[in-house]
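Pasting the structures here.
There are two complexes below, and they share chain A, which is joined by chain B in the first and by chain C in the second.
Coming up: the complex of A and B.
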């Protein structure tokens, strides 16, 4: 009534204005979150909620469907993938190509070559769902752009996928399986 | 300190004296005039850059974010980046537009804003032209903006532009009435329209203490006068895209933006001059005081913009004609009465009587409002 609501609204926005400076001060001498690891603010928390992207990054949740990775069996140190090609069959856009190697290694089939074409992938996750050997998983990796596509930067071969597997699931279990 | 206090005035005397040594007096005067004009225009351009940055930062803070922080330290060069983008954009004139009017409007909208700067007293003696009709001049010149914006709306030949232009005319003409009526109280106290005399009249007490209600009315109508939120109906993007500047791009659009921001600053500066004592203030140099006060008021403008949602057009007109105009008239009458009754009785009775009178007006408004609400409820119950 009679502008009291306006005053109330003004006090609310002023509180937000001041709280952003308080959250700045808490961080003081640094401007960004430590090690660039930002955290999503809960609704009850106050202060600046935006993430200053190149300097700060949010931790991705375990089920995030980022780039693919190939896991390695930590006991035998050979890829879990057997080159069966089920992922390639399931892929709706056909961006996965698998060739199975002629000989087995340690009594297990292994892929001779494996390639994932990022340029057409739609990150549906059907390949991961379909893999019967638990070899294929998503990484939380999302910064996948390149400066060109002529030199095959967007085609990921087995080595690159295995390297990500080593990085995100060194013990053979990806974060998404550790959830429960 | 005396050196700093009159820095700019002494500088201008010094330059004038220097020129007069080897030029005839009229030539020196002419050059000084041109220099003053150049200074004012440069000042306006710097102000818009600073205000644009400040506003985006402050609004960002109100919305729990940083605002621009990528270009330059703290994002202060953001305006430069924006200006480069504006300069290099394609300059489009719609095929069906009235070419002359369409291209004239962006120029016409900027000219009045620069003209108003001429009478603003930035400090002691720091005024380009001390007109004895200063406030009348401001009222007259700022009305010219209305025509320019209507030209833009009409010349674009676009229904949204025309709607925006029409809204500007309705809004600016309506809100000019309470704005002038509330400023009349100040003019009544000083007995002069000159902004310099108005500032000098506040050497003992700023007029906001004598006329808080007048200040409030002035402030509300001034926000509406420069089409800022919550009165930004002429460019309400959710209703009419961008209003009168829908069809403008590149530099012409930048002109509207420029005029808008400078107008907002000028309104804050005039409010500081009329009610907060202009450059009057202890210990700091006068021009510093002036800018402190103007920016304090500008902060409130930004604060309101970050808080309030937009009014509906009928609420907007209702607020002007049904509330502000009668209130301003009552305020003017009562303030005149108070000023006459306490004439020659010193400062303290005047302040006391003014505050009491303002309190009485507010109380009367509250009582009338409560009564009206009760009547309305009774009618609703009966129906």
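Coming up: the complex of A and C.
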């Protein structure tokens, strides 16, 4: 019969529509309550599974490649980075610039300046992968829009990267550390 | 009708479709010559998204090219990674550990499901069935992309494969998640089929439209689902088996009517076959190393190499010439959609304007790969 296929298709959309509401009513608490979120993310769950973004945020996976951060050596309180510039050489678009300081501090080379230009970064992670001193890592930070592209906005200097590091280092930086 | 047409002398008109058109899947322009509603000629204009990928590839070191391959066909970054990495491995004769091979196959077959789901969703979008099938497809894709993010750190620009293996081993919690996603996939495909396969409107729009006979398809070097929907049994996973595809049991679906509808059916069936491969891979995956140690400054020996894989869209090949230095001397990409697209004028002639979007959607192009 002509039209049977359309009806069959419509039954699918209708079921999706009904499930959106029914599966929510069936189980209290509400889908958008904090406890409801874990349930919403399960692959077996029917109905809506979107995250209401500004109000709710997904937790990033530990390997998530977000903004970069520079770690500080907790014992000596100076940056772990030695300014060797290997990350800058591995970067495919050349958005990292490093200058090594003339003098050592506490017997370790330190960078005089370090800048990371977010506007052209691919977030590929090759810089993190290449750093031999374990100084450079990704943060789970992804809300990085700014109103300008100058220094202090899209161009990050060492201090800002170290500040990210202070914030996120306690959380641990699992994947690369295990391997190196 | 016949008499009116012969009595009235009409002129053809030229119509520009694109470069900014919702159904051209990006920035792509078609210059269509029309006689009334019928297409007399069609000229595809490409290159709006040209980014000098090949020239950049010669500037980059071998390793630095991997993130760039992600950006060719941005829906299937994993299979682009695989094609490039395997080409370099062939050049430098690097052995890949067993576990890494399985991880690669899992990732690439998941990519195939993502790509076909999106391709069908986009085809239906073009036909005027706005967003319902597309969103059902995207819902499933989202779960798979979560798996990619878990393993590689990024949803779409995965940058996961490395010469001689993969970047990291699978994270804890990946396998159970993968199993539940794979277990849910057949139900999703069934539902997709129930929604679309018998739908009369879709059948009327797709059946008998854009017929591509096997000899023409071969003549234009079409590959992938487009070629198989034309009834040519040619799947590189079978005919020129690479990696460990010879260990898996799967079928190659073929079309019988060579039209848009057949391309849709072939894609649906390929998704089912991918699920089969995934199930076998999950069962067989061994423990062990996932990468081999390479020197930090990687220099393959002199020579040239071509390696091709069956990417979800067709034959994706990389041709590399090495002069023994850190960068490739020549870096050439054989992209499947660019070559599949050349057959578009042939498919469209004689059809109506409204059919162009259906035919274009059934070829399944991504402009990032067409223009490179």
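Observations, loosely collected:
Everything below uses one rule, namely that the second predicted complex is superposed on the first by the 121 of 180 C-alpha atoms of A that agree within 3 Å, B and C clash if a C-alpha of one lies under 4 Å from a C-alpha of the other, contacts with A are read in each partner's own complex, and residues count from 1 in each chain.
To be clear about the criterion, contacts are C-beta pairs under 8 Å (C-beta built on N, C-alpha and C of every residue); 3 or more make two chains touch, one makes a residue touch a chain.
Everything quoted here is computed from the prediction, not taken from an experiment.
In the superposition on chain A, A:52 makes contact with chain B only, not with chain C. Chain A is touched at more residues by one of its partners, and among chain B and chain C that partner is C. Using the contact criterion defined above for the overlaid structures, shared-chain residue A:17 touches chain B, although it does not reach chain C. In the superposition on chain A, A:9 makes contact with both chain B and chain C. With the contact threshold set out at the top, residues 2, 6, 9, 12-13, 16, 49 of chain A are in contact with chain B in one structure and with chain C in the other. Across the complex, chain A meets chain C through its residues 2-6, 8-9, 11-13, 16, 43-44, 49, 61-65, 90, 92, 122-126, 129-130, 138, 175, 179. On the chain A side of its complex with chain B, the touching residues are 1-2, 6, 9-10, 12-14, 16-17, 19-21, 47-50, 52.
Those residues of chain C lying in contact with chain A across their complex are 60, 63-68, 70, 132, 136, 139, 143, 149-154, 157, 159, 167-168, 171, 180-181, 184, 191, 194-201, 203, 296. Listed in rising order, the residues of chain B touching chain A in the complex are 58, 61-66, 69, 303-304, 306-308, 365-366, 369.
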